[in-house]
Each structure stands twice: as C-alpha cells, then as structure tokens.
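After the structure tokens below, expect a handful of questions from me.
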Amino acid sequence: MPEHAEPTRRYSYLGPAGTFTEAALKQVPEAAGQEWNPVANLGEALNDVVTGFSDAAMIAIENSIDGGVTVAQDALATIPGLRIVGEYLVPVRFVLVARPGTGLEDIAVVSGHPVAYGQCRAWLDDQVPRHRHLPATSNVQAAADLFDSEKSIDAAIAPPGIEEHYDVEVLAEGIAENPDAVTRFVLVSRTAPVGEPTGADKTSLIAELPEDRAGALLEMLEQFATRGVNLTLLASRPIGDRMGRYRFVIDAEGHVKDERVADALLGLKRFSPRVVFLGSYPRADRVAATVRDAHDDDAFRDARDWLREVIEGVAD
Amino acid sequence: MPEHAEPTRRYSYLGPAGTFTEAALKQVPEAAGQEWNPVANLGEALNDVVTGFSDAAMIAIENSIDGGVTVAQDALATIPGLRIVGEYLVPVRFVLVARPGTGLEDIAVVSGHPVAYGQCRAWLDDQVPRHRHLPATSNVQAAADLFDSEKSIDAAIAPPGIEEHYDVEVLAEGIAENPDAVTRFVLVSRTAPVGEPTGADKTSLIAELPEDRAGALLEMLEQFATRGVNLTLLASRPIGDRMGRYRFVIDAEGHVKDERVADALLGLKRFSPRVVFLGSYPRADRVAATVRDAHDDDAFRDARDWLREVIEGVAD
Amino acid sequence: MPEHAEPTRRYSYLGPAGTFTEAALKQVPEAAGQEWNPVANLGEALNDVVTGFSDAAMIAIENSIDGGVTVAQDALATIPGLRIVGEYLVPVRFVLVARPGTGLEDIAVVSGHPVAYGQCRAWLDDQVPRHRHLPATSNVQAAADLFDSEKSIDAAIAPPGIEEHYDVEVLAEGIAENPDAVTRFVLVSRTAPVGEPTGADKTSLIAELPEDRAGALLEMLEQFATRGVNLTLLASRPIGDRMGRYRFVIDAEGHVKDERVADALLGLKRFSPRVVFLGSYPRADRVAATVRDAHDDDAFRDARDWLREVIEGVAD
Amino acid sequence: MPEHAEPTRRYSYLGPAGTFTEAALKQVPEAAGQEWNPVANLGEALNDVVTGFSDAAMIAIENSIDGGVTVAQDALATIPGLRIVGEYLVPVRFVLVARPGTGLEDIAVVSGHPVAYGQCRAWLDDQVPRHRHLPATSNVQAAADLFDSEKSIDAAIAPPGIEEHYDVEVLAEGIAENPDAVTRFVLVSRTAPVGEPTGADKTSLIAELPEDRAGALLEMLEQFATRGVNLTLLASRPIGDRMGRYRFVIDAEGHVKDERVADALLGLKRFSPRVVFLGSYPRADRVAATVRDAHDDDAFRDARDWLREVIEGVAD
C-alpha cells in the first residue's frame, strides 16, 4: 500500500463472488479497487452501513419477474439513517449446473434461490418433470452445496459464469422463462447531503396514508400528478399493525432538487402522517424525465417572482 | 378645514344618492367624511381609479338572484392596475313608487334597472299584468325619470328610502321575489401592496385555461383542492376571441399571505397561460375559512423545514 | 292552399323581421314556409311553446363576446316541459345607421341593445366620443325608434340589411370590436322523445351540486371525465335562494343515446340533487366529438357482455 | 356409508394437518365431513382445482405482517378458470419447539417457513442470538424435520398445537413480533355463477393499466371513487415482460351484484386492456360496506328510470 493512499472504502454485498449482486457492484466506478465485503443476507449488509463498518451496501430491491424485494423495501422503510445513492440493473439469466458426469435424467433434487426457481420452473417442469426443489439462500450457494454431501442435491440453478468458481458442468443455459428479466439493485449509504441532479434521476420515498378519510390514496397520487411528477413504482406494503393498513413504496421521476419534485414532496409531507425520504439518485436506465413547460424549474421560479410582485403591489 | 388636515380621499360610486351602491359605500369606515363622487356607470367609476382622480370605486360585482355582474367581471379581467380591497353586502329590497295620486290601476309603463325589474317581475306580472318595462340605468334614475315628461313613465322600481330624495309615493313595498336577495359590492383601488390577513378573507382571481389538453378545468380546480382551498365562486366568461373559449372568475377562501393560498396561486400561475390577481381582502360575512391541519401555515413551514433537512442530509 | 295540406307549424322568435334571431330561424329547413311569429321578448317566446301556441321558439343562448344569455339559461333551468332540439350560429355584425342626411358629427344619442352597444363601444368612443347610449329592446327596434320623435335618437346600432326594412342610411359598417363575434341560438320545443344521434351532437343540462361536501364541483366534473365526455360550456348561475349557491349550465359533447353520455348522465343523476335534461341535438358547427376507443359504444357493449358472462360464470 | 349418500366434496390445502391453512379450512361449514386433501404447495392446490380433482382449494393470499403472498396473487392473475368463493382469517401465533431435552442454549439451527421466520426474527435474535435459519416449505414440515437426521435442525418455528402431532417440547410461546398478526386465506373453486350478495362482501380483481398515457393509475382509481367503491387492497405485481410494467391486485368493498360495484367494473373493463374477475364473496370480518345514498342500488335504479323517461320525452 502506498504511503499516502486514500482511505479504502468498504462495500458490503450479498456474496459469495459470482452473485448478481456482485455484478451490480461491478457497475459502480467508485467501488473499483476498494474493499468488497461479501455478506450472507440483507440484514447484515444494511447493518454494516448503519454501524459504519461499510460505507455502502448493494442490495436487490426489485425484480422484473417477482416484483419488489419486500424484505428490502420493509428494511428501508423502518431502519433510520439510510439513503439510496445509486441504481443498477443486472440481467437475470440462469444456467442449470451439476457435478461433472451428471445427466438431466439423473436429477431428482434441484437447489436454487426461491426467486430463481420461480423463474426457471417452467423449463424444469418440462425438462425434469419429477424434480423436487430445495431452497438455497443464494444461487451461488446452491452451486456450492452440490459438493456438500449432507444436502443431497443433484443440480443447481446458478448465474452464468459459475463454472469459473466451482467445478461444475453446465447442463443447460437460458433456462429462465423470460429472457429480458432484470433485477434492480440500489446502493445504500448512510444519510448524507443529497447529490446534484443529472437530468435523469429518480427519487425514492415511503409514505403512509392518513386514516381519517376515504380516497386518501387518490389524494396522495394527486400530489404528484398536479406537479407533473410521474411515478415509476407504487407498491403497497403492510404497516404490520393490523390487516388492511399499508404504507406505500414510491419511486418518482426526477430529483428532490428539481422544483416540481420538491414541491410534490412538500405536498406529500403535509398530507401524509409519515414520509421517509430514501434518496434522489441517477436512474440506471439514464432516461430523462419528460417535463412539461408548466412543471420545469423556470415555471416555478417565474411563479414565485410573480407572486412576490403581486403581494408587493407591482404586478397584477 | 383645519390647517394640517389630511388630504381628502375621493370615492366614486354609481349615483345618485340613494342607490344600493351608496348603501355599500356607507359600510366603509374609512370613507366616512371623505369626498363621494357619484358617477353614471361602471366604466366611469373604474376610470376614476385608473386615472387617479379617485382613490377607490365601489362597484356591484354579483347579485344573489341574477348572478355575476358580467360587465364588472370583464372590466376587472381586462383593465390592468386595479385591486379589490374590500367586500360589502347590501340587501336588495324594492318598492314601487309613482307620482303622488297615481294608483296601481293607472300604471302602463314601469321603469327600473333591468336587474331590479327581473327580481320584481313576478309581482308586477301578478299585480300590474299589462305593464310594459322601460329600462333605466339605475333604480334611483328610474324614480327621477318619473318627472321627465319625455319618458312617459307611470311608476318606478326603486330602493327603500327613495321618498326622502324625490316627491314620490310608495305604492307597494317588498315587491322583489326573494326577500333574502343581496348584492355583493367590491371596493376597488389602484394596485398596491396587499394588506394583512384577518383570518376571514377572500382572494379574487381571473384565470385562463391552457388550450392544449382536455380536462384542463378539472386540472385547474385540483390546484385549489390539493391545497385545501375552497372556492366560493367559479364563473366562466367568454374571452371573446371565439365561441367556446372562456376565462374563469374565481373567488377563493383565504388570503394570499396564507400559505395554502399562496401555494395554490403558484400552482395556478404555472398551469395557466394567464392569471390576474385581483386582490385578497376581508370577507363581508366575516366567516373564517375552515382549514384542515394539513393545510395550515404550520404544516407548510414544517414541510419546508423537513425538506431542507432532507436535502442537507440531517433527516430522513 | 291545397285541400289536404299538412297543418302549418308555428315558430316564435324575437322580432321584428331583420333581427339576428330571424337569421337563426332562417337556418332551420323545417321552418321554411311555416308560420313565423315575431315576439317582443324571451318570456313571450317560451310561453308560446309552453302553452302550445307555437311548436318551437328560437332563442339566443350565448354570445361569444358577452357570454351566456343568463335570462335564457335561467328560464330553461326553471320552466318545465321544454327541450332544445337544434343549435344555430349567427355572425354578429353591426352597422351604424341614422335618418338620411345625418352625419357622424350630428350624433348625440345612440340607441342599441345593450349587448350590441358593448360590442360597438370601442368604435363609438373613438369615432363619436361624446355620444350617450339609450338602451333598446332589440337592435331592429333601435332603428325603428329613429322615427319615434319621443325617443330623441340620432343613430342606431343595427344588423346589416336593416336598410331594406327602414328608411335609414348606413354611416359605418363593421363597427363591432370583434369581427368573429357570433351568437349561439337554440330552437326550443315542448318535451318530446329525443331524436337520433348524428355523430356531431351536443347535450345540454342543468345540474345542482350536493351541499354536504367540499370538492363537489370537482366530483361533478369527474362524472364526465371518467366517461371521456368533454364539456363545451360550464357556466354557473345563482340558484337564487342565497348568495353562494349556484346551479351549473352544462353543454357536453355527444348525444344522450351515445353510451358514454348516457353513462355520464346516470352518474350525474345519482350525484346531483337536481338535474334537468335540456336536450340532445346536432351541433351547429357539425364538429364530431373525438372519442377514445375506451369510450365508444362498442366498449360499453363489450363491457356489459363481459360483466354478464362473469356473473354467469362463463368468463373470468 | 349410507346407501344414497351425497357425493363427497374434496378440498385441497397446504398440509400436513396442523397448518394455518388447515385452521382456515376448519372455518368452512360446507367442508365439514368432506374429503380434505393435504398438498405440498400452492401450485399443487390450484392444479387440483383446475383439473377437477378437488372441488376447492384453501390458499393463503395475504399476511398482515409480510403482505401479499405474491406467488398466490400471480397464480390467480395468470391461471384461467378460477374463482374466489370465500375469505377466512387465521391469527398467526408461533411457538418454538424442539426435540425433548433440548434447551434454548443448545440451538444452532432453526427451521421455519421464511414468512414465519420473518415474524419471529426479533425474538430469535434476542433470545438465540447466534442461530442460523434453514427455510422449510411449511412450519409443520419444519417440526417434522426435527426428526430427519439429514436436516441437522435443532428447533422449529411451528403453530400452536403442534405438540399434538409430533413428539416435541414447546420451548417458548408467542414468539412472533406482532400479537395481532393474521393471515388471510381464500377458498378457490373453478369458475361458476357468482353467489348472492350478503351485504358484507368483497370483490377481487386483477387489472392492467393502458400504456398510452400518464396518470393511468389515477384514472383507474377514479373508476372506483366516482362510484363510491372503497378499496381494501391495492397491490402492484410485475407483469413480467419488462421492468416497470405492473398489474394491480385489487380488493374492492361490495359485490358484483351491487349496482355501484357492477358499474365500477364496467368502467374498469372499458379502461383496462386486461381485467380478471376473481370473485365476489362474503368478507371474513363481516363488516358491511358504508354506502352513501348516491351510490346505493336505489340510486342506480332511479337514475336509469329517469334516463329512460328523459329519452322517451316524459321527463325533463
């Protein structure tokens, strides 16, 4: 290590090496050459950030097939002091692997993460009709378990490239149902000042509805609609105190430093008994928000100028 | 006149003495003892203000029976440099008067302002079935015209108390259809700094709709609804360039210095291609606006504080 | 007259010959060759229909400069048993006429219907700066009054062609401010079965708002918006019992026999404490309504078929 | 068996005996004394119904802590020919069990269904800080696995009463975080005619949004709001073809044979490119919907009567 080196940054991620989460972390330029800390689960990853052990954690937040990673959504909704600072997309492709010498006809038990299994089930039902599924904590772990005699696994669902890490043979590629499946990851740090807008940003929020009136969800959505802020995600999650009470996980187009988003957040804050700001960050797909003239920053500034002049009596 | 007297203020109003407009002006404490300038019509009254000849003008703006005084609404929408600074209600009651010696059975032609005539028509149709109506520019003028031989008038619809100004006999009282009828007047000055809120205020606006989309009126109304601002008046007036294009005359509960009203006006300004602020002023009926907690000034300040902290990274 | 002639139909209209109302009636093919009954005012025209004296009446309902003819709107809102069966547009152009030999410099008093005077006022203020205005009940009457020595009129605002009816000279043409001004007329009959849609229709309604909740106007407009029904007119008129209570005059695109309009009317009827259906009739401008697929008749029929099958258990 | 016995009905449920699903099935009066078929997973249960092997299947659909059972929601959204015919709530309580003689200090590996584990995790982290979790397919299975030496499990999260089925000792009771936690089950049959309303019903739907416009979710929710239909659940699920495309799982108050619900469904069907009707059935909590007068069946019938009379020309 050189004498005056910058302090190393540490990134936690769901390991081991070879996971999709690692693939997401590889997309982060700032993480190159820093310390990567593989962990066993989401709780550990976020705990590393909360305690300051790691500077950031990469976590899966949504899958185009299975939907929101609810445990991650709930963790972000309830653990204070966290911020999303980046978003990354990783294509979801699976291979079926086994110990060398195994054929499709030899397979009785297939291991794999339940989400991966769900995506590969159609293929497995067709090609290995009498298999049983043994859940694994990660797909890389499923492959590793092939060599754990206690597990009695015959095949594993694993990410492409797994053969570089384990002595396995690939029996089939592209076994997931949807070739366009993708998982959305977010990079989470401790709460810190928000970065600058890039023009293609997303803002993540958690909000609860007031209980005292019908139509509250409509009213909440209008906070965004009246400011021309589109939502890319609206998911409901139980608050947990009793059946029928939900909080909402919201991804909105734009950055909190965009006037229209700030104004929508002010409206949301006044309306909602509880709002959590999870972060404004560049979108993975780099698609700029479409903003009508009436909702751009100039419109907000012009309106403020006008209102000030109206009150001062120098404009009508 | 004392040596160091304050300069006299001049108020224009639809005269002559005895009109409902004069009754409205009598409700203005500041106008007592100042110069009152009777004029012949609305245009003259507003012109006095625009030119600086008068300090303010009292004009009728709405009648609970006949609706908006459209010529006044249109004047306020199109003449720059005017502000509404007060609102006054005058009960509308009418008497039927004639030259001494005239009986109901002698009446062929009844004079009266068209609005007054509309309100008294049911009574006249019943009691003087074969009368004809001759429009007058004011009801006091109608009474005066009884003594103009060129006019050939037999009776006049006039405000109570007219017999104190003219040598007439009251043939019938309370001849208007609705005993609760009332006319709303506004006191108009040149544009000046807006006064302070009283807690029971009204804000008057003119707004045009953007042309490029359906549902624009709904969208405009949502600017108020999402901020919890109730409207007491929404009237459409043709812009005049072609059939089907309207501007809207809006009275909103609250004062432009109330946060929720200011925010609604900012939203309206961004949305609308043309907004005219006509003034924030105490309501004639002194009814305080009902404001939900989510829309009071504290909610606005708290939300701004929260947003600033969120951006600075000292709150979630 | 042939022996077995069809019974003659009678049409009432604001006369005398030469008025804009007569020009509207001339646009009605069915009225050609029938009996035309000139009347003195709106009340007389509608009374002719209510009593069965006339089969229909042509009345002015809106002016592109002055807005709704409120007395006509109020009459349709309160007189039962009437239906609008047609709509007609008449360009509003005015000439200034006088007795032969009169010059502009000789004019002191100008007569004209107040609406016409409003539209010509800018020209008159400029060209005849010191004129006074004497209101007339119609512009044709104003011209006629030139020859009534009691009226002391020097000039009259009148419709083009007036010189064919009266011995007047045209001093100026096109004196109205807006060359595109137009008046909208409707043909009114007694209540009868609604005609068939033409694809370019309009439906006129009167509706009151429920009093028990805020946002009622928004809710009423959503009855139309959720069915994709655009409004071409929304005007508020005082109900008349007290200040601040309004009914709304509504013109909607489409015909009550169009599924989307029928559905919106059903929603409106359930919502509103009072709805008056004034008629579905061909639009004067023959502009077909733009209807999204989701709102056309097929979509309504398909949805009903689906719902029936769902209830019967033969569809999901 | 008596000679003329009714044919036995068969119910599939997630077994083995002792599961919460069995507890839900015990709430079904019609299931008493019929054949109960324990199955290993949701897919098997629904397949039994689709193939006609079973008459109905009891499945978990939502948990007050963990939210929707997404695999069940997705199955109902994609498998045709199914109907929800009943709803049942089962309190979620857990005990920690082990082989006789085991103490808390002996526990290294805890088995349990992932959802159950999530709810007991706080207690486990506190009382058994260094445990590891091994997922099981059901909590009863977790208890059974205590006696499978290959699994190396020390303790299991299981439902109360498990000791009646297995030779286990209860180490702790009430270990779930929320004592009010409840799981919602639905009874699913093949598509059949919808039953009659009970006054306290729920209607389940799946709907996709049209892609061609912003604000589509707001527009969908307004289909319900304008008919006064409250939603008890709105959950988004990825359609699966690409990131950002969602279908919505909707539970609405009321029965498809309630007029307001039928009307909302007609609106939804016209609006949405794909709607699946999953059923109208009595609510587990027997709470009657609150319906404003404007939305009750009478209001719908009255409006239809009025519209018919309006079209026939016998009403205004």
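Letters A, B, C and D name the chains as they come in the text, with residue numbers starting at 1 for each one.
The working rule: a contact is a pair of C-beta atoms (placed from the backbone, for glycine too) under 8 Å apart; a residue touches a chain by one contact, two chains touch by 3 or more.
Predicted model only: the values in this text are computed from it and were never measured.
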item	value
Chains touching both chain A and chain D	none
Chain copies touching (chain C, chain D) - same or different residues, decided at half shared	same
Inter-centroid spacing, chain D versus chain B (mean Cα positions, whole Å)	59
Centroid distance [mean C-alpha coordinates] between chain B and chain A, Å	57
Where chain A touches two or more other chains, by residue	222, 225
Interchain contacts, given as pairs of chains that touch	A-B, A-D, B-C, C-D
For the chain C and chain B complex, residues of the former touching the latter	62-67, 70-71, 89, 114, 118, 135, 150, 152, 178, 180-182, 184, 214-215, 217-218, 221-222, 225, 230-238, 240-244, 246
Residues of chain B touching chain A in the complex	80-83, 191-194, 210, 219, 222-223, 225-227, 256-257, 262, 265-267, 269-271, 275-278, 294-295, 299-300, 302-304, 306-307, 310-316
